[in-house]
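Got some structures for you, see below.
The same chain A turns up in both complexes below, where it pairs with chain B and then with chain C.
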Partner chain A sequence: MSVLDEVFILCALGALVLFVFHRIRGIEKLAVVFYAALLYLLIKMSGLGYGGEVIYSSFSLNILGETLQWRFDAVSWFFAIITVASGLFSAVFMSGKWGESYREKTSNAAYGTLQIALLLNVNSMLILLASGDLLSLFIGWELVSWASFMMMALNPDKQARQAAIKYIVYAMAGAMAFLAAMAYVYGITGSLQYAELAQASAALSNGQIILLSLLFFTGFAIKMGLIPFHLWQAVAYAETPAPGAVFLGAISARMGLYAIIVVLIQLIGLGHLQQIHIPFTFWNLQTVLAWVGALTTIIPTYIALKQNDARHLLAWHGVGQGGYMLLGLMTLNSLGSAGGLLHVFNYATYQAALFMTIGAVIYRTGTANFDKLGGLVTQMPLTFMVMVFSIIGLAGLPPMNGFVSKWMVYRSLLLDGEPLLFVAAVIGTLGTILSVYKLVHNTFLGQLRVEHQNVREAPLSLLIPMLVLAAIMFVTGMMPGLVLDWVASAQLAMGLVPVTYNLGGIVLASGGLDMIWITLILFYGLGVGAIIFYLLGGRAKRVHQYDNYAGGHFLTSRVRYHYSHNFYAGLMHLIGGWYRGSFKKLEQAIVSLVSLLSQLSENMYRSAQPAMMVIIVVVLSLWSISGGIN
Partner chain B sequence: MASFNSISELLAQLLFMPMLAFLLGLVMVLMYRKIAARLQRRIGPPFFQPVYDIVKLYSKDTQISHGLIHDIGIVVAVGGYVAAVILLPVPGMDGIADKGGIITLSYFLMIPSLGMALGVGQCANPNGSIGISRALTAMLAYDIPFIIVVFGVALHYQSTSLVGMIDYQQAHQWGIFEMPLLAAAGLFALQGMMGKHPFEIYVAPAEIATGPMVEMSGKFMGGLFVMQSFQFYVASVLYTSLFLGGGANWFEFLLKIFFVVEIPMSISFLFPRYRTEDMVRIMWKWPVMLALIGIAFVI
Partner chain C sequence: MDNLILVVILPLLAAFLMPAMARTSEVLARVTGLMVLFISIIIITSVWGSVDEQAVSYAIGGFRPPMGIVFYIDQLSLLFALLIPVMILLFWPWNKVTHIREYSLMMLLTASASGLVLSGDLFNIYVFYELLAVASYGLVVAQGRAGKKGEGAALAASLRYLILGAVGSVMMLIGIAIIYTQAGTLNLAHLALLAPEKLNNMAGLSAFALILIGVGVKAELFPVNTWVPEVYGAVSTRLSALMAGLLSKLAVIVIIRVLVLLFPQPEALQLMTILGMLGVISGELVAWRSRDMIRMLSFSSIGQLGLVFVAFSIPGDMGLMAGFAVALHHLLVKPALFMLASGWTGPLESLKGAAKQSPYIAALFVLLVMSLLGVPPLPGFWAKLLIVVNLASQAAPVYQFALAFVLIATVIEAAYLYRVVMILYHPNQGQQASVREKHKAFELVIASGAAVILIAVALQVQSMETKLSSMARQTGDRQHYINTVFSKLDLADIYHQNKVQQTDFRSNNQLQGSK
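Right, the complex of A and B next:
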């Protein structure tokens, strides 16, 4: 029995136990133990992250002559460890005070259902990541879709329900595209095995490859929320209960990236992506996909800038950050693809932490609306600190880990000489900086509201996972080599040249990156800054927030003296007109078209028009008698 | 390209590079005021005026702090620049410039702004917050052309290492002759980056109660003054390293950086102030266009 078998047995056992006992208090502690055990089993497989052999499950199925099998390679393991760790952090987050308050607001059963939803999400993702052929990939894909739907549907709020329904419609559309691609593959090769497809793809014509890639990519892009399928994700993730948002936000959408890696890079092949030109353009498939990534970094990021709810803002950034991963991956060189993969890990750490900080703010204040928050830094300093660490990561500034992966993507675009993609990536980053400042300013800075003057720091059970994540962000930012080991193994498994790295960063003859030095220099600088500030000059006096310049007026608690609404008014004056909601209109148009068609067919089916029916039947039968198609 | 031979040399560089940057920055601040004065037919301040100002600000009686983040904001604003100048090579002192390179430096330079933004945020004064929203918008405006220029230059030299770029220019030809369009666009972006006229709406005294500085008193203001002198220094040295071949010796280096910083200083008083959105518009139009054409030539 391999370790992978043990993982599956543990998953099944966990699901069973949780399902039976989910109403019982104390189940949350058991759930934490379960994720920890799962993480332990994955660590037992950690050989995969350092160039180990593929691990097969001894379990397989035979259906209609197709063998379904499951295995873990370095790519699966890399994604799996992020998945399980995210699950563990979410479980810890909801195991203490947060869980109690959720129980009080809803019921024991509802809390248990949330736990089940999280567990099913983790399990189904592991099944997806372990898939060893197209059919098992599809099964895993559907499991993940429905598990996410279950999580999203837990919030009884109308907006959340609508978002969940919208998600499942999108997911089904994606699954149909995936299914069509599978049918196409089956028609060509007569098999759904990875090896057969990889072999057959070498002999396919360009048109066939383009069609196949388009179908597969549509399916996967919907999961990842890439342009033009970005509309469903943000609201659906943001409106889930906080631990669900932490988990879904951190990793769920990255399953799309995993599938892109498996199918487009490993099976259809690098060569095809680079060589096949799209008819009537100068572009090849690789460029098209890279541009999808680049646009995904820009558009959702600037939508995030307009949000007025912290959760929505973060979730939109989650969509945007997916663009960096695809963009990095689609450079297809060793540095860029490593950057894209590393970004999956880095992004998971800070996105989880950010959703946790917002979860903590909601736990204490009951809202994530920017118009109702402000000044919480004095009340929740540790939560603020975690948020600052995470937004530095999200914005991609040194010394946090987000900088390293983004640097790698930029550097590889530079090496490739891709100015426009580079500029697109930078526009995305700058938008992120603006947006995260708005996030931190409108929640934690500015004037504290009267009703929040008794708010206390988040409870320990919420703080611990946040602080641990912040520590991970910092350590892997200073020593990216720790994670680059895993990334390099994954690259080898993908058939790419692994990146050259050391503990501190990237080794390149023409200008590398050494984060250990960078971090030390930064702290040296801050130390000097602190000496200049604290040792020189007079002593500063702390004043109350109402002791403030107000143009001669006296401030009292009755005067709201805070700037948060329409935060970037000057910028919006210029770019505000560019938000035309074109994608929304497109979506609505498609919805209208589908409902029109369904009404037409319904009318055809239901209406009693015997004469019409007789004519149709007669015409069809005459046509088939006279020879039909042939 | 061994950037340092021994620990003692490294320590000396860690100490001297920021100090030198600070002193040169102070001279640049003086120069800026002198130019302004001469253009307005005044005599201008005496040589040690910037020093007097800093001493005055640090020794003020009234020093208002709005909380820990307000303090830390100033620490980061100054400390971020102290760290950044160590990554900027000057004659005879490469520091550890090789560990980062131009992309790292570009992002490093955002840390002080972010620190200041956080500090201003805690002041709980909407004038300050509006100022920061304008300042960040300005950053979005000038950083896009700047980053395109950086891309073009790095592509041209096939390197992101500043030391490598300087070596190349000293062996061949200055960047400004090989990439005139990029150099022009870079100068335009530099004007915005320095946060002086005509792109200084976010700190202009006549606008929204001086914006970010509204709650800054005493050494808080002094910290921002120090930051400003670093800002001049970094902008000029960066431009010199990218386009003017750095400095083979100190004389040449000083000549170049003061020449570079003198151009935007002289231009700054010739135009009226731009509104935020007008600044974004002009920055996204002319320098971006110039830089993209410049890149087309490089490729």
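Right, the complex of A and C next:
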């Protein structure tokens, strides 16, 4: 029995136990143990992260002449370790005080259902990651979709329910595109095995490749929320209960990226896509995909800028960050693809931490609405610190890990001679910096609101996972080599040239990156600054939080002042006109079209002359079989 | 094997005797019906599995075909011969108030349905089909009078059903007449033998078109299915379940027999594809608009039957296999859904929070719906996969359109089915439970049974695949049919008379011809 079998047995066992005992108090502790055990099994497989052999499950299924099998390679392992770790962090987050308050607000059963939903998400994603052929990939894909739906449907709020329904329609459309692509693969190769497709892809005609990549890509892009399928994700993720948002936000959408890696990069091959030129343009199929990534970094990020709810702002960012990963992978070179993969890991760490800080704020104040928050830094300093760490990562600034992966993507774009894509990525980052400032300013800075005067620091069970994540962000930011080991193995498994790296960062002939030095210099600079400030500076005066001026006016402490509503009014004055909601209108147009067609069909079924219709149909049929349609 | 004819004779006798018996003893009459059904089931289970390798034909009265009347028993007809009494038994009107007339009609339905699947010649098929039609008109009218929507709607529905059914029957009769003028026989095996020469022309094709549309009325074929939503809305869910689940499939079986044996021309298949895919998309589109559970399920049934037609229109044994898979899946799931719907009448919005009152029923609903949508690893997924994979490997462009339609329809299907699921799990209570009709025990038993079978099939999908593919291979084998019905001597005779060369449309079937 391989370790992978043990993983699956543990998953099944965990699901069974949780399903039976989900109403019982204390189940949350068991869930944490479960994820820890799962993580232990993955660590047992950690050879995969350092160039180990593929691990097969001894279970397989023969159906329709196909062999379904499950296995773990370096790419699956890389995604799996992030998945299980996210699951563990979410489980710890919801195991203590947060869980108690959720229980009080809803019921034991509802809390148990949340645990089940999280567990099913983790399990189904492991099944997806372990898939060894297209059919098992599709099965895993569907399981992941339905598990996320379950998580989203937990929030009884109207907006959340609508988002869940919207998600199902999008997810189903994606799955059907995937299914169609799979069917064509079967039609062409007569098999659904990866090996057969990889072999056959060399001989495919351009038309076939375009059709297949388009269908596959549509399917995967919907899961990842890439342009133009970005509308569903943010609301759906943001409105789930906090641990759900942590987990879904951190890793769930990346399953789309995993599938893109497996199918488009490993099987069809990016080189293949590069050879297909789009008529009348300078572009080939691969550049088109890169531009999809670039636009995804921009548009959702600027939508995030306009959000007035912290969870929505973060979730929209999640959509945008997917663009960097795709952009990195689509550069085709070892540096860019490593950057894309590394970003999956880095992003998961700070997105999870960010959703946790917001979860903690909601736990203490009951809201994530920017208009009702502000000045919490004095009350929740540790939470504030975690958020600052995370937004440095999200914005891609040193010394956090987000900097490393974004640097790799930028650097590879420049080396590749893609200045336009580089500019697009930078515009995206600019939006990120603007909106994360809005996030931290509106929740933690400014003056504390009266009703929050008694708010205390988040409880320990919430703080521990947040602080651990912050530590991971910092350590992997200073020593990216720790994660680059895994990334390089994944690149090897993908058939790409692995990136050259050392513990401190990237080794590159044209100027590498050494984060250890950068961090040291940064702290050195800070230390010098501190020495100048504290030792050589004059007398310092402590300023109270309420001791503020605005427009030259002194504000008394009775009037609390915090500028949060209509943040960036000046900026919006400049770029506000660009928000046209074109994609929303497109979506509505499609719904209206379906509605119209449905009305027409209904009129047909209401026809008052059924017998006449039979005769008309007979005549038409006779006409058609007599060669009329040909 | 000889007593298989009892499956048709006994219920037919019972149908006519029951009203007379009821005059002396009502109880005796009721028990008779049940007894007949049990006997039928026992008879069929006793010969179960005996036709797996070699089909059997049975000449009634000892007259040899092509002159005599033939029953043809293969895996397909045996399966349906079993399903008919089982389904009728499940949806038997148990309550005391039911008029004896209705029992009698149910018996007539059993007899004619069994005859329909077992018959080996077109004339008998027509006769049984008409009997079936009469029985179902009777049931709809009888039920419609006790219907929920008031008499007007029920009457209008029955009338529409009657008119469409009658026009359909005429079409079918014309089609059969054309076949007779062309080939001079109505025995299916004989026709199969003659078809390559006599029916491979325009007249033959138009005969098929007429039969397809005529029988299509019962099979909910687009666009002769406009009776479906009205009738299902007017009659009891028990009868809707039976009609959507079983009767529609019987009509499909008739079409498949005719198609496989007489008309393997690509034009015939493509006509079916077009009507099927229009049925899929229009059914699902209107279901999306529906604001009432029964109406939604009726249109979903139209869509599913469209899918069945699309599947059967794929040439070759794989198409037949896909068709059987999706037809049997629908036969299992749709009646169960109708059973659940019977406790959830009224506008969908009034079902808010129904899951809180009856979590078990809601969970059943979700399971059935997931299978209907084709969520792996439930059986519906494998059926859909078979269709999609086989559609994609066809060269003719019409199949590519069908593929697109099927996939788009699935997305629409997901949208409306999940809207219902969300309503069921709505946190706010809608209509109070006391106002709402309660589910009856037998409805829950049937739905639970369907769910259990679904899960069992999901676990045993490999052996199901073997069974279905063997059934498809046997059904798709024309030469097997011919050789089963005719002895070598008969064949020689016929060849001599008609001077027909033994040609075949399908090269892959010739190998098994010598069995």
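As a working rule, the second predicted complex is superposed on the first by the 599 of 630 C-alpha atoms of A that agree within 3 Å, B and C clash if a C-alpha of one lies under 4 Å from a C-alpha of the other, contacts with A are read in each partner's own complex, and residues count from 1 in each chain.
Definition applied: a contact is a pair of C-beta atoms (placed from the backbone, for glycine too) under 8 Å apart; a residue touches a chain by one contact, two chains touch by 3 or more.
All values derive from a computational prediction rather than experimental measurement.
Contacts of A:58 after superposition on the shared chain: neither chain B nor chain C is touched. In the superposition on chain A, A:199 makes contact with neither chain B nor chain C. After overlaying the two complexes on the shared chain, residue contacts for A:46 are found with neither chain B nor chain C.
The wider contact with chain A, measured as residues touched, comes from B rather than the other of chain B and chain C.
In the superposed pair of complexes, A:513 makes contact with chain B only, with no contact to chain C.
Once chain A of one complex is fitted onto chain A of the other, the partner contacts of A:601 are limited to chain C, with no touch recorded for chain B. Looking at the shared chain after the overlay, A:108 reaches neither chain B nor chain C. Of the two partner chains placed by the overlay, only chain C lies in contact with A:172; chain B stays clear of it. Contacts of A:159 after superposition on the shared chain: neither chain B nor chain C is touched. No residue of chain A touches both chain B in one complex and chain C in the other. Residues 14, 18, 57-69, 71, 74-84, 86-87, 96, 98-104, 107-108, 110-111, 114, 117-118, 121-127, 129-130, 132-134, 136-137, 139-140, 143-144, 147-148, 151-152, 154-155, 158-161, 164, 209, 214-215, 218-220, 222-223, 226, 275-277, 280-281, 292, 295, 299 of chain B are the ones that touch chain A when the two sit in their complex.
Within the complex, the chain A residues that touch chain C are 61-64, 135, 138-139, 142-143, 146, 149, 153, 156, 161, 164-165, 168-169, 172-173, 176-177, 179-180, 182-184, 186-187, 594-595, 597-599, 601-602, 604-607, 610-611, 613-615, 617-618, 621-622, 624-626, 629. Here chain A touches chain B in the complex through residues 375, 377-378, 381, 384, 388, 392, 395-398, 403, 407, 410-411, 414, 417, 419, 422-423, 426-427, 430-431, 433-434, 437-438, 440-441, 444-448, 510-514, 517-518, 521-522, 524-530, 532-534, 536-543, 545, 547-551, 561-564, 567-571, 573-575, going by the rule given at the top. The touching residues of chain C, when paired with chain A in their complex, are 160, 163-164, 167-168, 171, 202, 205-206, 208-210, 212-213, 217, 223-227, 229, 267-268, 270-271, 274-275, 281-282, 285-286, 288-289, 299, 370, 373, 375-377, 381-382, 384-386, 388-389, 391-393, 403-404, 407-408, 410-412, 414-415, 418-419, 422, 425-427, 461-462, 465.
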